[in-house]
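One chain, subunit A, links the two complexes that follow: it is found with subunit B in the first and with subunit C in the second.
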Partner chain A sequence: MDEIILEVKNLKKSFRGPGGGGKRLTAVDGVSFSVKRGECLGLIGESGSGKTTTAYMAAGLLAPDSGEISFYGTHLQMIFQDPKRALDPRRKVADSIGEGLLYHRGKLSRRQVRERALEAMDMVRLDRAYAGRYGRELSGGECQRATIARAVMIRPELLICDEPTSALDVSVQAKIIGLLDELKHSLGLSYLFISHDIALVSGFCDRVAVMRGGRIVEMGETADVLSRPREEYTKVLLDSVLTL
Partner chain B sequence: MTKTKKRAVIMAALLAVFLLFAVFGRALAPNDPYKTDLLHSLEGPSARFPFGTDNLGRCILSRVLEGASASIFSALAVTAAVFAFGTAVGILAGYLGGAADQLLMKLTMIFQAFPGFILAVAVAGMLGPGLVNAMISLGLVYWTTYARLARSLVLRLRQEPYIQAARLCGAKKRHILARHILPAVLPSMVVTAFLEVGNVILSMAGLSFLGLGVQAPQAEWGQMISYGRSFLQRGPWCILFPSLALFAAVILFNLTGDCVRDALDVGGGE
Partner chain C sequence: MLKVENLSASYGGGEAVRGVSLSVEPGQIVGIVGESGSGKSTLLSCIMGLLGDRGRILGGDILFEGRSLLSMGREERRQMRGKELAMVFQDPELSFDPLWTIGKTLYESIRVHGPVTKKEARKRGISLLSSLELKDPEMLLDSYPSQLSGGMCQRAAIAAAIVCGPRLLLADEPTSALDVTVQKQVIDTMMGLRERLGTAILIVSHNMGVIARMADMVGVMKDGELVEWGEKKQVLYSPSHEYTKALIAAVPRMDGRLPHGGFYG
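Moving on, here comes the complex of A and B:
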């Protein structure tokens, strides 16, 4: 449990400000954390706090301005916020799922990749009848199941989830979280789980890090942070949920 | 059959007929389009010369049919070439980004800095009159449209989560281009090409009208219109029929372009 799978040190990233002026906006300002094997680390904070930028950098999709990212596994995958846009609208669902293995298929034929895609659909409990459909014909929850199937095709050690349920209905959210939790145990996945929803994180994550203004302001065991928040900001964040 | 489909079928059929005329123009011509016959100079439409004759007694109908291939196929060839070149440049610029993007877009801007037709006239003037030179000059003007459109489409696509997901799946740039970007970009590009053919036909006729395109005695609509101006009073048919042919061609391609756009919007929905 103490073996580290992902380590991030002093990550910084700024973007050019609106209008192309000289002023740069700092999105992530010195973030450090690590994810242990089999662990789920939650990254919470309000929108604009730099969570998604951090996730993209950790996934290697965005180059940091400075800092270090060390991934000690072979494969990591990511689940995106908007499941509909995470599937190519011109490709059939099974085809999109198959892409998860397509470029690493070795000696597997395309037909075998497709067979694996169908098996992955079973694993995420997406009806095989959807294999020949397009993303737009599926509901948001079904699309998200498809992207999860694509992500686990290659058997990654780490799954980075960028608000995987915030575009979904509340009833569907719980099912997706249930699925992710199930895969955590059956596939031995570790998670970096980005969310603004503290209630969601509390049930799913072992540890949480609270982000604000591009920095991590508090990090610790989920139960500790949520029951005895040390930072003023974490309290505000918690209160905002309770008053809803 | 839906209304859109019905319209598309009708337009496609009309266009096919038109293209057949262009292909078999010479065989369908009732008279030799180049045979001068001063005994029948500037005759009005008759059974023998349905569109009348010009001052040298050449059959206008035969010349319109003969000229169709020069007018239409040169424009189609130019459109095909700029479509391929412009789309390739735009996609590369948009997808590679950075220095390559800067360089390619600066190049596009240089060409766009001049009013299109003026640039074509200048280039055709420098290269010297002739059909091939006119095509080259029009190509230089029209490719930028495709480059800019393709680039903007790619820039928007690049941020899509499914492209990011493909990167995480280990897709190389060429995989992403072939598998995700090209299929997304092509429909819009094809529609643009269809809608632009009419413009190219007009510009081609314009260059010929100015004496920079097809040269006499070869029959071509723009050149015929230019030539017929001298006899506007005595033989208006010299100008009327090639103009009508040009008008019909442009309208037909534009309407077909509309149909293609509707059809692709319906079929390829996002």
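Moving on, here comes the complex of A and C:
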């Protein structure tokens, strides 16, 4: 459990400010953390705190201005917030799921890729009957299952999830989070899990980092941070959580 | 005060509300929870008279202080909006004209219901915003919606909705676009309304935590039907309908456990 799969050091990223002036907005301002193998690290914070920018940089989708990212695995994959936009509406579901493997397939034939796609669908409990349907025909929850199948197809060691259940109804959310937890154990996946839903993070993540203004203000074991927060901001955030 | 009797309505082709009955007493906060497509927003549109061309009332009645809203004429209903009942929406920026300052919006809202000078309207605006405990009301009145944060904008929208003293405020997912810390401020603003002005609130949300915090009475909608209705304590903490039980089990808690996803298999 102590082997590190992802390590980022002193990441920084700024964007051009609105209006085209010279002013730049600092989105991420010196973020460092590591994710151990088999571990789930949660990144929580409010809008504009830099969670998503951090996730994109860790996934290699965005180049940092400075800092280091070390990934000690073979593959990582990303799951996005809006499954409807992450899945091609005009392609058949099995083709979308299998696509990633076409680039990583080695000696696999197209038929074998399809068979693997169907197996991935079983894994995320998306009925094989959906294989020939188009992305647009799927509900939000089914779409998210399909993007998870597409991600696990290529046997990644790390999944970076950016608010993977925020666009879903609460009943669907519970099922998807259950699925992610199951894959964590069955595939030994590690997670970088971005969410604004602290109650959800409390059940899913081993450790949690609280972000504000582009920095991590507090990080530690989930149970410790949530029950004995040290930072004033974490306390404010926890005070605002509404649940049953 | 508000009585919805066996209401059915269609929206966009399907029957979105099926035989819903509920009531709101003066000063009461009633929460309606449900998932997407459960008909909760259509229900509010029926009450507010905002169904538009895509929807139609199929049956039942809506009584406000004993008078049927559905048999009123267009002009009579327009006069009621703002003065008797008012509404706030999920996206506060869409509630405002982007080219009007908050002050002008308040002035125009007051003017619809009777003559008022700009100076008077401004005075009323300031006292209203202060009573909602919004800081720097003068500056807020001179701001354009785009200059405000989401939370400030929603609180200004609440002020604009209640400036003519409606006795019932309808709220459609009023905190769903907001961060948790801001969500709490907006909830406090709405609770303050009830406390200081006795405004009754009918709030619709998919967020069970918001409803648990605010409501006295809770209704649960599914596929257009009100499947459970009762006091908050009973509905949220010892529900009797299977759907309510499953819905509540799916809500994430701060207990370090995963929410229960055994929702219908």
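The rule is short, and it goes like this: the second predicted complex is superposed on the first by the 241 of 244 C-alpha atoms of A that agree within 3 Å, B and C clash if a C-alpha of one lies under 4 Å from a C-alpha of the other, contacts with A are read in each partner's own complex, and residues count from 1 in each chain.
Here, a residue touches a chain if its C-beta (ideal position, glycine included) is under 8 Å from a C-beta of that chain, and two chains touch if they have at least 3 such contacts.
Quick caveat: nothing in here was measured; it's all calculated off a predicted structure.
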Could you say whether A:L237 touches subunit B, subunit C, both of them, or neither, answering first, second, both or neither?
-> second
Regarding the shared-chain residue A:H104, is it in contact with subunit B (first), subunit C (second), both, or neither?
-> first
Is A:A59 in contact with subunit B, with subunit C, with both, or with neither (first, second, both, neither)?
-> first
Once the structures are superposed on A, label A:T147 by its partner contacts, choosing first (subunit B), second (subunit C), both or neither.
-> first
Is A:R90 in contact with subunit B, with subunit C, with both, or with neither (first, second, both, neither)?
-> first
Partner chain in contact with A:M78 - subunit B first, subunit C second, else both or neither = first
First (subunit B), second (subunit C), both or neither touched by A:I198 | second
Where on subunit A do the contacts from subunit B and from subunit C line up?
-> none
For the complex, which residues does subunit A have touching subunit B?
-> 56, 59-61, 76-78, 80-82, 85-90, 96, 99-104, 136, 147, 150, 154
Seen from subunit A, its contact residues with subunit C in the complex are 46-47, 169-178, 181, 196-200, 202-204, 222-223, 226, 236-237, 239-244
Once bound in the complex, which stretches of subunit B touch subunit A?
-> 160-162, 164-172, 175, 179-180, 183-184, 268-270
Complex contact set, residues of subunit C against subunit A | 35-36, 179-184, 187, 206-210, 212-213, 236-237, 246-261, 263
